[in-house]
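Take a look at the structures listed below.
Two complexes, one shared chain (subunit A), two partners (subunit B, subunit C).
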Partner chain A sequence: MSLQKGDATVKRVIELRGIRKSFGKHIVLNGVDFFASEGDFRVIVGENGSGKTTLLKIMIGLLLPDEGQVKVLGIDVKKHWKKLSSRTGVVLANERSLYWKLSAWENLDIFGGIYGVPRKVRREKAKELLERVGLWEHKDKPVENFSTGMRKRLLLCKALIHNPKILFIDEILNGLDPAAVREMVDYLSELNSSGLTIVMISHVLHVLPDNAQVALLRNGKIEIQARYRDIKGEKNDVYKVFERLIKGSDGDENDLAGDQGD
Partner chain B sequence: MRSFFLTKAALLSAKRYKIDWYGSFLSPLLTILPAILLYYLGTRSGLVHFFYGATNTKNIFGYLLLGAAYWNYVEVLWGAVFALRYYMRIGQIEEIFLMPVSTLGYIFSWSALGLVRVTIESIPIIILAALSNVMTLTISGLLLSAAVLVLSVAASFGLVFTFFGATLSFKEGDELVSLLGNAAPLLGGMFFPVSVLPKTLQYISYAFPFTWGLDLTRHFLMNTNTLLNTKRELLVLAALSVMYLVLGVLSFKILQIKARKNGLQGF
Partner chain C sequence: MIWLVIKEIKIRLKYRFVWVNMALTPFFIIGPYVFSSKIAKVESLTESVLIGSLLWYWLNQYFFGVGDAFTEEREEGALISVVLSPVSLLSFLFSKAIDTFLMNLYITFFTLVFFWLSGIALRISLFMFMLLAASGLYITFFSIFFAALALWKRRIGSVNSTVQFFLGIVSGMVNPVENFPLYIKFISYAVPLTYLISMGRKFISGQINASEASKSFIALTLLGIGYLVVGVLFLKKAENELRKKGEWESW
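Up next is the complex of A and B:
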């Protein structure tokens, strides 16, 4: 499906309709609609346990919804999730996704191979990525000797090695120092500017790019969707704004709820 | 081809774990000790004659060594189950699920490294087993036994994947793997022919592909008796290979569906 946004035709790449998911008697998602167009930078926020990771895992096919439709890049994810994997990059919160005994270079070489990147291309890409995230000097060190921040950066490289169309990220900013958070967000913004669609879960909210569209997940639904710059406004304490939004006690909520991203 | 990279990752990781090569080479050789003891007791107690009746060989030493060499390959299978259960526990299986690799590709990648490693580690015991059976060894026998080994190992990996899927339904899965792993040498004919087992246990042992694999390997190398005639036994082994590979693939697919429905916390 294509949408008109100003003069440009924008392609919708993620469509989730009526998603419901429960674990036992606990209802996690209760009728979520979520859409993203090509080149969007979407950030999903919400309290711990609000279902953000569940929603992301449904988008990439790792979890099946009880009800609802999931289409990513035109693929029915419920049925053909394996077809999606070589076209999307995924950073899961679990750092064990990497091979800890192997070096950063070996990890990228292996993941590139698994995702079908030709040898010459993946070597060039691995070098480019490692240089960009400042890990080139550490390329031969085993991942087990990396700090949390270094592992997160390598996880991002791993997800990008096969030039995905969409990048799904689960809490990559957690555990990073302030400078590293800034660098990571700058790099994600750069990737987004070059056309990569990004869906990110984050609790770190103070340095998001202004054009990011924030979706608040509350009570099993996406209740508010708004541009980050509109949420931030003139107020400096962005965490306070989000805290009020998450708790549902801010009058601004009504002003922000208009942009539902559909 | 893509699954080759999973094998490469496993190989490189194994290299970094500082493998105790002396231990790796010596452990299989330690199987000789029970062979020597059994040989001594066998000749003293008349067990050799009992064996001769059931196996058509008095070469108990060669019989046991061959069993031990073969069994090293079966041991790799149990290792694969523990590795998969470990991936489940640390959550790495999610990353593995996401990879564009087919189920058979996973089975190949997790088996290949173990098979290469066990072949290298078992060289001393394989040489000893061959030397102790030098009187009955032929080129055609060697080739046939190698083919049987490949077929039975393929079948056994299917069995392992089926078993892996089954163990995820139990909290005591690791204990179940250990229990069967310990009982398998006795039930599969490593130390003595399965024909001397009680009937009920014989039926259990017939369900294992390695029982038939080992029986045929010994027959081709030592001219021992077989449970059925050779052609039928080869057919049984081929049928078990197909059946267990299909069951293994199904088991893995069911595991994926369950994981997608309930999440990994559901196991």
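Up next is the complex of A and C:
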């Protein structure tokens, strides 16, 4: 499906409609609609336990919704989730999803191989990624000796080794020092500018790119969608704004120039 | 799939003592069975126990390598990366089977060398090698069935060792199944290892002929395919259950 966005024709790459998911009696998602177009930078925010990771896992096929439709890159994810894997990159919060006994280089070589990236391309890409995230000089160290920040950077490299069309990220900014957060967001912005669609879950909100579109998940639904620059406003006190939005205590959401639901 | 095999080997190469352990442990585990059989001073009996216990050890390795594959990868935390990759769960298990086969060749070489040094020699002919290779394939099918069960109902993984010993006994690792009561024989002939041990023993004693070998292979193949089909169905069921419950990372 194509949409008109300004003058350019953009392709919708993620379409979630009427997503419901419960674990036992606990309703986590209660009719979520979520859309993203090619080249979007979407950030999902919400309180702990609000269902952000559940929503992300449904988008990548790891989790089946009780109800609703999930289409990513035109693929019915509920039925054909494996078809999606070579076209998307995923960074989950779990640092152990790397092979800790292997070096950074070996991890990228192995995962590149698993994703079918030819040897020459794989090695060039691994070098480019490791250099870009500042891990090149640590490429031969085992991942078990890496710091949290280094592992997160390597997780990002792993997710990008096969040139995905969409990047799904869960909490990559947690546990990073301020400079590392800034560098990570700068790199993600750079990737997004070059056409990569990004969907990211984050609690770190003060450094998001201005063009990011933020979706607030509350009470099992996406209640607010707005551009980051509109949320941030002139005061730049983004955490206070979000705190108020999450609590839903005043009329701030009415002041946001959101693009609700596309 | 081959990349997952390379990964296994690369990780194992980081632990040098694992190679020493793999070379020595089988000899110490099956040694007591084999040496006890020497008391009778009947060479064929010793060889018979050696081939039985060696094939059982192969099964053990497949049960750890393939049967426990999901649990092991979950504990490492990397199962989620495999699940998110284009590799299917079945291919993942086959990659573990190839790795186990290579390790079994290494283990068998050293085990036979140690027994030879202890005065017990097993003639490794082309037939024996093919039997070992075939046992790898059939036991892989059987282990896939167990791995799928362990993925679906993960508590089953905790009785892995018990199952291995049970299978060793009922498949005639030491005592040929012909000596068992009828109701145990019924279980024995549902286990692929029984046919493999029986063929190995008959070969050593020179009692096997082409017709008998063919019959055993046909029975083994049918049984193996049966376990593979049920295993694949269980695997699909387990995958759907995990996608519903979201328990890929639980163990």
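To be clear about the criterion, the second predicted complex is superposed on the first by the 258 of 262 C-alpha atoms of A that agree within 3 Å, B and C clash if a C-alpha of one lies under 4 Å from a C-alpha of the other, contacts with A are read in each partner's own complex, and residues count from 1 in each chain.
Just so it is clear, a contact is a pair of C-beta atoms (placed from the backbone, for glycine too) under 8 Å apart; a residue touches a chain by one contact, two chains touch by 3 or more.
Treat the numbers as computed from the prediction; the structure is a model and nothing was measured.
With the C-alpha superposition on subunit A as described, subunit C and subunit B clash in the combined arrangement.
In the superposed pair of complexes, A:Lys71 makes contact with neither subunit B nor subunit C. After overlaying the two complexes on the shared chain, residue contacts for A:Leu63 are found with subunit B and with subunit C alike. Look at A:Ser97: by the touch rule set out above, it reaches both subunit B and subunit C. Contacts of A:Ile114 after superposition on the shared chain: both subunit B and subunit C are touched. Overlap of the subunit B and subunit C interfaces on subunit A: residues 23, 54, 57, 60-64, 82, 85-86, 90, 92, 94, 96-97, 99, 101-102, 106, 110-111, 113-116, 142. Residue ranges on subunit C touching subunit A, taken from their complex, read 2-4, 6-7, 10-11, 14, 76-78, 80-88, 240, 243-246, 248-249. By the touch criterion given at the top, residues 23, 54, 57, 60-64, 81-82, 85-86, 90, 92, 94-102, 106, 110-111, 113-116, 142, 158 of subunit A touch subunit C in their complex. Residues of subunit B that touch subunit A in their complex: 2, 4-6, 8-9, 12-13, 16-17, 90-92, 94-95, 97-101, 257, 259-263, 265-266.
Of all residues in subunit A, those touching subunit B in their complex are 23, 54, 57, 60-64, 82, 85-86, 90, 92, 94, 96-97, 99, 101-102, 106, 110-111, 113-116, 142.
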